[in-house]
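Listed after this line are the structures, all set down as C-alpha cells.
Here subunit A shows up in two complexes: once beside subunit B, once beside subunit C.
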Partner chain A sequence: MSGYILSKDNLPKFITEIMGKNKVFAPVEVNDETYFKEIKNPKDINMKYDNSKLPPKSLLFCQTETLFKFTPGTKVKIQPPDINNSKKAIFGIRPCDAKSFFIIDPVFKEDFEDPFYVTRRDNMLLVGLSCTNPYPNCFCTSFNDSPASSKHVDILLTDIGEKYFVEVNSEKGKKIVKSSLFKPATKADETKKKEVEKKAVNSITRFQKIDKIDEKLDKIFENHFWKEIADKCLRCGTCTYLCPTCHCFDIQDESTMIEGGRVRIWDTCMIPEYTLQASGYNPRPTRANRVRNRVYHKYNYYPKNLDVIACVGCGRCIEGCPVNIDIIDVVTRAGEVKP
Partner chain B sequence: MSENPYQPNLATIENIKEEVGGERAIKTFRLKFQDKNLQNNFMFQPGQCAMVSLLGKGECMFAISSSPTKKGYIEVSVMRHGKVTKALHEAEVGDVVGVRGPYGNNFDMKGWKGKNIVFIGGGIGQAPLRCLIDYVLDNKKDYGKLDVIYGARTTEDISFKDEFAELEKRKDVSVHLSIDVKEDGWKKFVGFVPDNLLKVKPSPKNTIAVTCGPPIMIKFVIQNLEKLGFNDDQIFTTLEMRMKCGIGKCGRCNIGNLYVCKDGPVFSYRELKKLQGER
Partner chain C sequence: MVDEKTLRDAVKKTVGRKDVKYVVGYDKGTTGFQAAPTFAYEEKDAEKFVFNPTCVNNLAVYPMLEDKPPLRKGEEPDTRKIGIVLKGCDSRAIVQIIQEKGLKREDVVIIGIPCTGVIDPKKLKVKFPGQHKSVEVKYDNDKFAVTVDGKTQKFSKDELMPEKCKECEYPTPIIHDILIGKEIKGVKKPDYKEIEGFEKKSLDDKWKNWEKEFDKCIRCYACRQACPMCYCKECMVEILDPQWVRRSVNLSENTAWNLLRAFHLAGRCISCGECERSCPMDIPLMKLNKKITKDIHEMFDYKAGVDAEAKPLLAMFKPDDPEEFIL
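Moving on, here comes the complex of A and B:
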C-alpha cells in the first residue's frame, strides 16, 4: 500500500481542482440528515458524515429517466434522448456505496447495454472517504469488506488526524494525485491509516452469518419461516428505495395528445402490483412471496448468476423499515432454519 | 455509445384479423417495419418474443405468432385484457406501433429434426405454438408425425379457427380440438385439455411435446405427459410473466435466478424442475 498525503488545509483546494473538471456531488447536511447533492463550494461538504440517508445510486440510475420522447397519434415520431455525458464526481462516497455500483454494473452493462447508466458510470469519478465512525446497523465486514477499502473507488481518503491518507486504485486516480497537493506518505502515515481502519472495523458490532447462505437458502424455499418473517411487512417498499443495490424499475408512458415520453421509474418488488398480470394472475401474491424474493434475489439468485451477494451492509433498510424487519437478523436466522 | 435498447422501431399495422370476439377478444396484428432494411433483416426463431407498444399507452411483451418462414411481416396475437391490449384492440389498419426485439430464447428447431411433435395449447397460449406449427409445416420434411391438441373454454373462444380448419384438411397433421363445456353441435372432445391429451394418447417414442396455456393447464398437461411416458427432456413449455424491460434488467419476471424475458421463455421440463421460484 503505497499512499499519498493530503493535508486538511489543502482539502478545499483539492475539491476546487475536482470541481474545475467535474460537476461534484458530495455529502451535504440538510435538516440533520446527510444527502448527496451538487456542491458549489467546498465548505458545503460534511466530511464527518455518518451515513447518508439515501445511497448515491440515483446519480447513476436516476429515480425517473426519460428513455425517449415521442409524438403520439397518427403521425408517430420518436425523438431519441440526449444522454448527458458530462464529467461528474462523487466526492466522499463510502466504500460500501461504491461497492454497490460494482454490484449493479453487470445488470446495466451486460447483454443489452443500458446507455443511460453506462454513460454516467464511465464519466463518473469516485473519490472515496473511509468510514471511521460506522453506524450501529452497519455490517460491511460480514462480507469481508472494510469500511476503509479502496477497492471500488478511484481514490480513497482516510482521515488520520491532521491529514488524509490517500490511496489510488485506478488510472483516473493516478492522474489526480499528480497534483502538487499530494505528497508521498511515510511509513508512519501508513501505520496510522491501518490503525484508523482497525478501529473502524472493531467498532462494527453487528454481523450477518452468510457462510454458504446461497446453498442454505436453496433448501428452505418452502419453509414457513418466510411467512413468519413477512407477517409484519407493510409493503411500503422503503427497503427497496433505500437500498443501494436494488435496481428494479417500471416503464410507463407519460403523454398528452401532442407529446409524450416513455419514462423509467424506480419500482419496488414489495408490492403485489409489481408482478400482477393483466389476467389477474399473480405469481407473488403474498408478503411472504415478496419478502422471500427480495432476500433470495440478494443472497441466492445474485450469487448464482454473478458470484456476489447483492448487499453491501450499509444498514439503511434496517434504519428505514417502519416495522423493524432486520436483514441481518432475517438472513442469519434463515441460515439456521432446519430444512 | 451503444444504442438505446429501450427505443422501439416503428411498424405499421398492415392487417388486423379478429380471431375471437366478445369478452376475451383476440386479434392478430400483422406488423411491417417502416424501415425496409430492418424488415428484411429482422431475424427471429420460433418461441421468441417482441415488445409491442402504442406510444402514449404503453408496452407489452408478446410471443411472435407468425413463423419466421413467412417473410415481410411479423404477427402478434393479442387477448384484450389490460390497459395496453385494450388500446391495441382499438387500433386500426395503418396505425403505427413501436416494436423492439426479438427477445428471449427459442425452441430447438435443429435439435428436434427427425422427431415427432405434439403441440398442446390452451386459449391464447396457442400464439407461440402457431408460430412453431407454421414453421414445422414449412419445413415438414425435417420433422415426423405432428399432433395438434388445442382447447378453449367455448367454441366462441377458439382462436385461429380458420387455421385449425385448414390444418384439419391436411393429411400430415392430426388436429384434436376441445371445449371445456358441452355445446349443441360440438362433436369433438368436451373437457379440459389435459384430459383430451390422455384421450389422444400420443406415443412418447422419438417425440417432443410442447405446451403453452394458462399455468394450471400447463401443470396438468405435464403431469399427464409423464403418465404417458414422456421424460423431462421431451417436454417443453413457454412461459409468461409481467415484463417491463424485456432485457433482464427491470427485475420482475424472474423465476428463481432466471429471467423469463432473457433466459426463457422456452424451458424444458428438466430446467423447470430444477428452478425453484414462484411462477
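Moving on, here comes the complex of A and C:
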C-alpha cells in the first residue's frame, strides 16, 4: 500500500479543487440526519457522519427518470432525452455504498446498456471516506469487507488524527493525488491507518452467517419459515427504497393533454402490484412470497448469476423497518432452518 | 406496570382456543430501542411475549393485513379469530374498523393492556447515540428506567414519551376480552397548542414548511401500511386508470399523496401515531392528522374510534351540522 497524506487544514482546498472540475455531492447534515446533497461550500460537509439516511444510489439511478418526452395525440412527436454528461463527484462516500455501485453495475451495463446510468457512472468520481465509527446495525465485515476498504472508490481518505491517509485505486485517483496538497505517506502513517481500520472493524458487533447461504436457501424455498418471518411485514417499500443495491423499476407514461413523458420510477418487490399480471393473477400473492423473494434475490439469485451477494451490510433496512424485520437475523436463521 | 406472566398466561389461554388462529403481541426485537410484533401459533410461543415501554407498534393493523390468496378447489376459508394484544390507543383502531364494518367484533379476541405510556424510539435514539449491545426499558413507577450496556438511568415520562401519550384520553382499551391488570382512568386531554400556533402562521410560511417536508417523501407508503385505518383493497394511488396520483416522485405528486392520505383519514384517524413513527424520512404526519382531528372535534363534536355502535362521521348527518365551509 503506497499512500499519501492530506492534512486536515488542506481539506477545504482539496474539496475546492474537486469542485472546480465537478459538481460535488457530499454528506450534509439536516435536522440530525445526513443526506447526500450538492454542496456549494466545503464547510457544508459533515465529515463525521454515521450513515446517510438514504444511500447515494439515487445519484446514479434516480428515483424518477424521464426516458423521453412526447406530445400526445395522433401526431406523436418524440423528444429524445437530454442525457447529462457533466462531471460529478461523490465526496465522502462510504466503502459499503461504493460497493453497492459495483453490485448494481451489471444490471445497467451488461445485457442492456442503460445510457442514463452508464453516462453518470462514467463521469462520476468517487472520493471515499473510511467509516471509523460504524453504526449499531452495520455488518459489512460479514462479507469480508472492511469499513476502510478502497476497493470500489477512486481514492479513499481515512481520518488518522490530524490528517487523512489517502489511498489511490484508479487512474482518476492517480490524477487527483498529483495535486501539491498531497504528500507521500510514511510507514508510521500507514501503520496508523491500519490501527484505525482495525478499531473500526472491531467495533462492528453484528454478524450475519452467510457461509454457503445460496446452497442452503436452495433447499428451503417452500419452508414455513418464510411465512413466520413475513407475518409481521407491513408490505411497505421502506427496506427496498433505503437499500443501496435494490434496483427494480417500473415504467409509466404520464401525460397531460399537451405534453407527456415516459418515466422510470423505483419499484418495490414488497407490494402485491409488483408481480400482479394483467389477467389478475399474482404469482406472489402473499407477504411470505415477497419477503422470501427479496432475500433470495440478494443471497441466492445474485451470487448464482453474478458471483456476489447483493447486500453490502449498511444496515439501513434494519434501521428503517417499522416492524423489525432484521436481515441479519433473517438470513442467519434461514441458514439454520432444517430442510 | 403490566405483569408479563399474566400476559403470557392470557396469550396461552387464547391461542389454545380452538376458534383462534394465532395471537399477535410483542417480543423484545433484535436491535435498538423497539419491541417487535410477534405471533403465537401455539401455546409455547407465548413465552416470548413481553410488554414494556418499547411496545410502540399498533398491532390492530394485522387483522386487516392478512393475506387472502385465492382458495384452491375444495378449500374452505379460515374463519378462526385473531387474538391481538392492544393498548388503549390501539384499541380505538379496532373500534373504528368495527364501526366501519371492516371487522366484526367476534373476529378478534382482544387482550387489553391498560397502558401508562410508551417511549418514542426516536427520542431515545437521540439520548443514546452510537453502539449498544443491549438495551432495556422498564416502567419504574412514574418514570422510565433505561438500561443501556448495563448502566441504568431514569427519565421522566414526558421526556421520552411521544406526544400522543402525553395527551392520552384512553389508557385502557375501550373494548377487550381479557384485561391484563387494573383499568386506568384517562385524565389527560388533547393539547392543540402546537396546531393552533401553526394555524396562526402565514399561508406562505405554512406552505414552505410542508414543501420542505413533502420534498423528503420517498413514497414508500410505510405511513399507509403502518396505519390500521388504511385498509382499502386498492389504494387510490395504485389505480392506473384514472391515475389520480402519478408515480413520479416530485414535490407535486408527493404533496398530492400526503394530503390525500390525511384527508382519507378525516374522522377516522385514531391518533396512534404509527404513520409518523414508521416514516423513514421523519415527516411529521401527525401534525396533519391532528389538525383534521381538531377541526372535526370542534365542528362536529366527534371522536373516532370510541364507540363501535356509533355511525362513522362521514356516514351521518345532523341538521345542525356547520356548513360555512361549503362553497
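Basically, the second predicted complex is superposed on the first by the 339 of 339 C-alpha atoms of A that agree within 3 Å, B and C clash if a C-alpha of one lies under 4 Å from a C-alpha of the other, contacts with A are read in each partner's own complex, and residues count from 1 in each chain.
The definition used in the following text is that contacts are C-beta pairs under 8 Å (C-beta built on N, C-alpha and C of every residue); 3 or more make two chains touch, one makes a residue touch a chain.
Bear in mind the structure is a predicted one, so any value in this text is a computation, not a measurement.
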{"item": "Which of subunit B and subunit C A:D329 touches, first, second, both or neither", "value": "second"}
{"item": "Partner chain(s) touched by A:D32 [first = subunit B, second = subunit C, both, neither]", "value": "second"}
{"item": "Partner chain in contact with A:Q277 - subunit B first, subunit C second, else both or neither", "value": "first"}
{"item": "First, second, both or neither for A:E215, with subunit B first and subunit C second", "value": "neither"}
{"item": "First (subunit B), second (subunit C), both or neither touched by A:D250", "value": "both"}
{"item": "Partner chain(s) touched by A:E195 [first = subunit B, second = subunit C, both, neither]", "value": "neither"}
{"item": "Partner chain(s) touched by A:T205 [first = subunit B, second = subunit C, both, neither]", "value": "second"}
{"item": "Touching partner for A:L67 - first (subunit B), second (subunit C), both, neither", "value": "first"}
{"item": "Partner chain in contact with A:V76 - subunit B first, subunit C second, else both or neither", "value": "first"}
{"item": "Set of subunit A residues, in rising order, touched by both subunit B and subunit C", "value": "250, 252"}
{"item": "Subunit A to subunit C touching residues, read off their complex", "value": "31-33, 50, 53-54, 63-64, 133-134, 136-137, 203, 205-206, 228, 231-232, 234-238, 240-242, 250, 252, 254, 263, 265-266, 268, 271, 273, 285-288, 318-320, 322-324, 326, 328-329"}
{"item": "Contacting residues of subunit A [partner subunit B, same complex]", "value": "67-68, 70-74, 76, 78, 80-81, 83, 85, 107-108, 111-115, 118-119, 218, 221, 247-253, 255, 260, 262, 264, 267, 269, 274-279, 281, 283-284, 289, 293, 296-297, 300-301, 304-305"}
{"item": "Interface residues, subunit C side, partner subunit A - complex", "value": "29-32, 34-39, 57, 61-62, 65, 67, 69-70, 126, 129-133, 218-222, 224-226, 238, 240, 243, 246-250, 274, 277-278, 280-282"}
{"item": "Complex contact set, residues of subunit B against subunit A", "value": "1-8, 10, 53, 55-59, 81-82, 85, 95-96, 98, 214-215, 240-242, 244-245, 247-252, 254-257, 262, 276-279"}
